[in-house]
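Here the chain labels run A, B and C in written order, and each chain numbers its own residues starting at 1.
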């Protein structure tokens, strides 16, 4: 009771500070009339992925469904408001941030990085810790994204580097910094039959709308290819994840964790090169690799990381976002190295802006006889562009790890408040829950029935150290 | 058994009468080819909100999930057919109603008013009562909407007055008229762990697609602003609802009722002014106010209304639609009072048609040098427009309350059939249910197990007074 | 253990063979820039229907939710990749298959046929059997669709003949061929309270997005009409299904099976004529007929087929897809017989390409003064077109039944592996399941609790004859 208002204060203050900053900085971007019809459908698809997709994907824990879907909701709604500002500060116009539907898409992308990190630490952190983490992460995300896109000029249509690699390794670093010396009670870290079905709602909406995610912020032919490539990569990844799951599982059965998560790795792994000339067979190949890598990650790598480093990863974001994101960065660099004007035509310079001819050159004049308004570039070669793609991947990884470790140390401070060792993965610590909340050791209602009161109202499990 | 066919007869007859009226009156609107691509995506989003969003939002009751999602389905499918006619009668062309995709959007909006009312009375009413209520409400809705939009010329992009205020106070008035003198058994009016998660499916789809709802029926710059304003209002509202929920709850925990409902109040509260020059900070401010108001409504106002007036409100529509809708009307009037040609440019007359110059004036000629086809208006001043906005809000409120009370008295007639006092919020009264239906007092399956038969088939709880 | 790798091998090999075939055959279609904005929103709606809609619709069985949503996922992801090829082989260009977003829509349609068949046999088949079935069915589907559309020139906007009739009767024929001489244990074939709610997620997404399904592959006025007609047919069907359900059920209660399935029959039944001049009242009439037919199917026809033919139909696809699909074909033929140039104008020849004037005729020249690029047709009369529509329906039915029977005989081979008679409708045979999986005879967790171990981990029910 004495500490809990801290959470209210931080959340409420954050919202009020955002209000003030919006008053000072944010105005409408001029509505180009067509943009609403061009962007709105894909924006809504991405919005579904953030709130329904990721929210429900994390409901697989039998006693942590409220927190999964609820904290994802809170953290996302705060992060996107803050991301509008944090990203906007890098492209201000006369001291104002012009906001339109592409800004909202950009903010949703930034939010995805935060909720990927959430997946690494959920169940072991308080809402206050998550809020503080989000505020720091968004700032760092915006800086890294700006650096990668504007200084390194590395492209990343589906955000596999700037969003997935960043979010995953930031979250894993936070989780590492927050690891407990003593042994918390992990007995609640288990699914039950229906929680696995709720999680599949998240999986399927993510899977279905991923083509929109990878295509939302590119245009023209690039957008067309991004939809097609993502469709094939995901399909091949899904089939592969089933196959490999049955290969590695006991008794050749399928494992729900793989089906919920590894089926999606193809969307991540194709992200950077989604709009490039990957061709459908290339997309299928990426999907096969991603599905295999992700199931192997869940089966062998994640337990090893926990054993060796005490690195705990609640949702296995390393297997869904981390490794497949790195794969995406490598595929992107490879495709960049192979990209030629012969294959792409003049659109090469739209695909890789840094490859465009430099200012005041006759080459630029020639190209602009076709493209009209091409911005001058750095006249990069294919290999040089590939090199910059790799540098962007490396920088993103390093910034995420260092930023995550520092954030994690901050969050581990005593005064910040911690989830008690015996309340891991337990909604009842933060939520008013009905008495039938599944109990550890026995699924479903049987456990609840055993402790049921005659009063059908809420049985609030009081917890003296409760902290929002 | 003797009375139940009444429901079949009314539903079947309604459908057949609709068929006849469609034969007489309804033809296709001429397809302007572009309109399908302009309207179809947002129409589908709105359609999801009506059937999935509202349907699942109401599944939070542990023993009333079939009815929540099922009666919402039935009532909506009937209401929208009837709304096509009821709204169409006001704009007939040569004795025919021309139906296109905007008519379908309008019918979906009308349906939302009905299912908001449903939220006030669900669990305490028979399907027959709900059907009769819908038929009356749609007629009244169409009349009030036509009067407000065409006579008062008060604008309301997201329907916060014509849909939300109307639906909420109509439903509350019906609920008041249906209140029981004796004390029904409210012990089934409780959530269980998984029913709360089902409800979150509804919440999130409503939250995610609300920008489409508020923007679906406006065009151009107005549509652009409606998407942006709604996005920010909802985000700020979500964060605020979490903060205030933890402040008012026992032990500073979060309360699922607030998260399921109050997070959405920002979509309602920004509805009337959604397409106006509210600016993102204005939208954030509206969201903060709406989230606070809604949680306070659930925590303090709703129990007081029940205690003082015996006004029972199953889903708390007063807190999600009623008060936030009134707030929306006031914000809309304020923005109308502040609207100047300086800020809006010529588009002021598209935003507020009644402010356009009158017919045969040089002012109209001047404006039409830019806008070409502007309809003449009433040359209203900003304050006068604001006044008409307030009148529309008041008229809507009064029509809803009086209409709801009269409808409620009709529905309370003995011959209409009533839910027995001991069958409130109980699916088994209307549905064939599996034996594991959660039982009052004990959540989940434990109760069912206690009364389980060896036969796994349906255990129909016979009820002599059963009435559809 | 010894046989299970068979499944892994077949799935993995299929995926690798697809990779090879894609390398050889598949290239990008040239991106017409507008097509992405025209097709992407409806494509995403259809994609939701395939994976979320059908997947969750089949989760109604209390112990088969993982398999319903999982096998639908696996089978669909494989089928669509294969359908791209199978359909593409019929329209190759210089030895290459040009793939774009309409190809993806076509592949999703083909996949729907397969997962309709899945609905007839789910719970009684192994994943290996389902995979083999899909591979055969897609090939046959593509051949029949090509024959119907290009040789018979019978139109079918929503695929009610080529997709629904084909998928339903193929699946029923497979089920017939797979029927057991001995009596399997059907005691798990029952819903529980929450599994019925999960199924409603599927129902509602199918219902809401069906207008996009019927309209996705037609254009212009036809697309406009397809959206409108489907909206009205589904609404009338929903209302009718509720009415008839209460009429035929015990005690006049509603039956969840009808609400989950029969409410959708209007989308099927209007499919062939969706883009024709059916008018809203015609669509309503079709919806009423479909809802009635489907509920009668579930109540009287399905049990009779099981009793007389031992034809078991898990999801009742005969009532949702089979009979309503035949109805759609008949309505389509009727509308074709009534179609005149007077009513459709020149667009008659876009609606029914075979009715266009023949090559090198003055009639074609006249029409092309309006339509510019009309392909020459066969100068068919209205009645002749209607006749070809009926032939297409008949051919589809016959191909489906014969193909399904032959496929079923193949699948019934001993070496293919069969689900043991005592493991029908049981996830635990194929999946690692948590210990709370609902147990037969007692719903929910009570049964699981009885056999609960102190260890909260998975209790894998070993099965010596387990087979993926």
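Of note:
One rule holds for everything that comes next: a contact is a pair of C-beta atoms (placed from the backbone, for glycine too) under 8 Å apart; a residue touches a chain by one contact, two chains touch by 3 or more.
Since the structure is predicted, the reported quantities are computational estimates derived from the model, not experimental observations.
Considering every other chain in turn, the ones in contact with both subunit A and subunit B prove to be C. At the interface between subunit A and subunit C, two copies of one sequence, fewer than half of the residue numbers in use appear on both sides, so the contact is built from largely different positions. Distance from the subunit A centre to the subunit C centre is 33 Å, each centre being the mean of its Cα atoms.
Residue positions of subunit B touching 2 or more other chains: 37, 41, 194, 201, 438, 444-446, 449.
Every residue of subunit C that touches subunit B in the complex is listed here, in rising order: 37-38, 41-42, 45, 62, 187-188, 190-194, 196-197, 200-201, 204-205, 207-209, 211-212, 215, 220-221, 223-225, 227-228, 231-232, 234-236, 238-240, 242-244, 246-247, 249-256, 259, 263, 279-281, 284-285, 288, 438, 440-447, 449. Residues 1, 4-5, 7-8, 11-12, 14-16, 18-19, 22-23, 26-28, 31, 33, 35-37, 40-41, 43-44, 47-48, 51-52, 55-56, 59, 65-66, 69-70, 73-74, 77-78, 80-81, 84, 99-101, 104, 127, 194, 198, 201, 430-438, 444-446, 448-449, 452, 454, 456-458, 460, 462-463, 466-468 of subunit B touch subunit C in their complex.
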